[in-house]
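There are structures below to look over.
Common to both upcoming complexes is chain A, partnered first by chain B, then by chain C.
Then we have the complex of A and B:
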């Protein structure tokens, strides 16, 4: 009897391990293999010819290309400015909207539905729509300024303004996403805690600063995490709006990656740049996490 | 009564269209025999509707079937790459921007046309377009001299100088013959934001590189000394190239809208089509859209001349064509069927029909046909004139990388991020590096004083 049950135990344990195999295989095929292949590509020069692919092991060549690439510093600088500015504005606006809408007596459902719309629009359409809005001669923004007897603004053609014009589009696109996450969190705040704070004489600012924000921290961190990762990877809108110009004023790492991969057909160097971008995102998130930890009361 | 008249008119129109279609179908096009269906990769370009109509005529006449895979511009290159790198190409014919063709020639991804049929010859009337269909594998350079015919031009686009005939006439200005004439004319006509004197592309990348190179050629400047002879000494930082860049910057800043640094092809066409530009440097393929009342406010008002001469006295224009080639990894019967279509498409009648439907023919005899006398084809003389001096640029394996460099540095000079001398010196250094890594014989001129 005892032998039988220990055999069942062993079989169960073996089955448990083996039953994980499909999931592990899927993980290896979809995640580990592509990343490993990216590593392999990043230390190679890959050339295509009729005879097939030719891989040459050239890690130093790719590193030399990275060091000599004069566009990379500008791309990194712009990407950091874009990520910090866009995400910060989105978080502040998203949180403010979430608190305001949650406090509304009526129409919450309607506002939530309307707010979802920008997220549903494909980025390609967003880029095209905003390019028309920003058009110097025919865009609605400059037409409005003209109607107000104000001079037109060179939204996408000015080196000092183009990146901020792109940030505005990203904010329009992604504030609803932050809003939706934080709105759900605000709605779920314990009413008794808020009431107790009010009874104790907390002002609105104290209520927000001392009660709501600490309680919303997990949702804020989630929204911040998602938005930061997505902001690092922004491509479509910027590609359509400015293609990285004028000059290098809106050149982002993702745009440069596209040019290296697809215009210049340098797959090895492109892979090295991809790895650098992944490393930058991971480092940024680790630093962010540490900052959040340190900021905890 | 009015409705009755409308019905009669419509009936006549339908009958006339039917008759003309039948007449086209009966014309003596080449007989290519029964062929298996083929698939063509093609971009959703301004000339696509004309190509589609001519394909319809081919199907009607021959009974052979063609499937067109129409892809937005940005996706064509990747689809073509995937097709030729796979076991068997899903396409039997691919239309490729001339700049991309090099990668396909150099990689051996296309079948030389004579290898499919040794008897295949392009008619002598077909324009050469700077030998863009030929590839000399040894020199890694597009040339008929020792090169094989890998593809041929199905659409040869060159830039023309478009101008508002009515506006210039009213101002007593003759059509410009030199770039200085353009500057002088724009000084009189420039009245922003109501009317810009002259517009051309300034946006980073292919736009500014392509448009500026016409001025560069007109100043007798070049990117590399003599690629045909294997001398890749970089000459882009010559005084002539600087003069060309300074002139181009002057033209765009003095005559164009304030967003000259981000002006793309769509913007330039839009400014001309809405009547907000008196002159512009635009591709020939855009002409048809300026004559379409649904797209243009200046129907019948835009005329064309060949791009003007530079201060050196030379004319310059860059050819930006689309070539059709047959993937090496297509099956033999499919290759033969694709070549049959190519043989048919290059005939006079097919090219005539292509032009009638809004395309740019590739045969000189179509430009001197009855079409040339019709007002809607008034661009033809300027186009034919341009063919005398238009050149293929960046026709070497490193062309795409060189374009990236020029597209950025020229734009930076235009928007004032760096001086023209510094932009050209930087570009020269970077291009020399590209050539050196490819193993070319290269070097560079002494830097321009910054």
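Then we have the complex of A and C:
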């Protein structure tokens, strides 16, 4: 045993570290390298010549492009409105549904299954389906309005309405996700504790406000975090629905990014925009976390 | 404080009737224990009184007021749960003051009530702790404190000691009893532990399969069990039961047991040929060396003040409670007797009591 132990020690020390190598290599290849490359691109101008790409180091030029880009302020404004509105509505509806369904006597399994469907539909299909639903001439919404003798609504063509039409689609797409996370959490709430609160004198509202919400907090934070990050990155649905129009009324940072990268071939400037988006998400989450901390008694 | 009146209450889950015709009157300030095996309906009855479970038929009144349609919060009852059910996100002080804060009582009054209750239950040093930082016994006290602080009309206890270790359970049993003697609060206490029922109850309610088998003071129930079920459920070690057929003879009625033994029965009007269950408590088995029953000692359990001796009597096992001075060893042959007056006689088919003697 004694001779063994020193050998084991050496093996442990070296082998333990070397055995991490494949994982580290994979991590570098898949995560660190692309991000590092993104940084490199963001301070460069990349031109495509016939022989291939030509890189020049031009950090100030990309910054100047950003400052001069007139679409960016609209894209940032739209993105913020979209994220805040969509995520807020999704959280409230998802939580309400979770609590209502958890209290149902039967049919929970069926509802849960049905609710998974929107998550399964590819975003591209969602964009296409809703584009048809929203169609001015033959979409089901306007047909319904017509049947009720109401004037048609230009869901996607109106500058004041288009962004909200997009929000509605996102809500349809993601409420089930919030629901599923919170439904599991509501189902796992300790029944005795809720009953104790009822005997202690809590009304339904007090029960929700003072017992359920505090206990659901970890699940709510997870759902909120996921939804916020994903909402910042929304692309395909909006691309198919409006492509940012009319004008810039539904132009989001991601859509603009796409145009800069692929329509304008501005790889360097596009990379800078990407980094700005990542920074914005991180900043948004940090500010949100701080706000929640301050709001706590 | 208030009296509780339960009239003809029934409970049905879908089409399954789990409880019917429950009648129970709890006097103001009384400590009632509902006892029975798991699944007998005692917890369901308690939850129906609390308003956590709707009742299918009948009426429940607390303090003379019909509460059938009232929400739990409108019934002015406090409940202590088996799992304690403390609010995990609130500290002990907030747990105890929760109901008072819901009722928007003045902060100074809330503080006074919480401090007073905390002092009573020795919870002062724990007031700032979260439930997860408390031991099982401490949580149990907080759950008690949360109930007491409200001064409700009625206390409900749902197996509050079942999650404690044996030693703490005995200590808390005494403490709850002492607390009741001080507060004189009407209390309904559910347990599956017949020792708890015997030691704590003013009156106990023995339940079985959704019915009340017997209501009575602990010693009355012990001495005069109304049914074979009650006789077997109450008492530790359990009562000895022999079944057989009645035989008449010149000396009076006796039982010819299924094992071929003969047992003299108390004087009663049982007719020969009837199938009976005769039950007798361990303390009524006399090991005197001259009794009519031949037996052999199989197991000896000394408890200190007394000893339980398990006997093999003609192929059946009988428990006898004897004084510690009686030294017996497994394998010893003994003779024993059971006083006819100490035998409870029940109808073997439905368990109903036939004899009236004690």
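Everything below uses one rule, namely that the second predicted complex is superposed on the first by the 291 of 297 C-alpha atoms of A that agree within 3 Å, B and C clash if a C-alpha of one lies under 4 Å from a C-alpha of the other, contacts with A are read in each partner's own complex, and residues count from 1 in each chain.
As a working rule, a residue touches a chain if its C-beta (ideal position, glycine included) is under 8 Å from a C-beta of that chain, and two chains touch if they have at least 3 such contacts.
None of the values given here were measured: they were computed from a predicted structure.
On the superposed chain A, the two partners chain B and chain C both fit, without a clash.
In the superposition on chain A, A:201 makes contact with chain C only, not with chain B.
Looking at the shared chain after the overlay, A:156 reaches chain B, while chain C stays out of its contact range. One geometric descriptor of the composite model is the angle centred on chain A: between the Cα centres of chain B and chain C it reads 150 degrees, in steps of 10. More chain A residues lie in contact with B than with the other chain of the pair chain B and chain C.
Legend: residue contacts after superposition of the two complexes on their common chain; A:215 is shown touching chain C, with no touch to chain B.
By the touch criterion defined above, A:193 reaches chain C but does not reach chain B. Legend: residue contacts after superposition of the two complexes on their common chain; A:48 is shown touching chain B, with no touch to chain C.
Using the contact criterion defined above for the overlaid structures, shared-chain residue A:138 touches chain B, although it does not reach chain C. Once both structures are overlaid on their shared chain A, chain B and chain C have a minimum Cα-Cα separation of 52 Å. Interface residues of chain A, counted against chain C in their complex, comprise 190, 192-193, 195-203, 206, 210-211, 214-215, 217.
Contacts from chain A toward chain B in the complex involve residues 47-51, 53, 68, 70-71, 135-138, 152, 154, 156-159, 162, 242-248, 259, 262-265.
Interface residues of chain C facing chain A in the complex, by the touch rule stated above, are 50-52, 71-73, 77-79, 81-89, 98-99, 102-103, 146, 150, 156.
Of all residues in chain B, only 77-78, 81, 85, 103, 107-109, 193, 202-205, 257-263, 267, 270-271, 274, 276, 328-329, 400-401, 403-404, 408, 411-412, 414-415, 417, 426, 430, 433 touch chain A in the complex they form.
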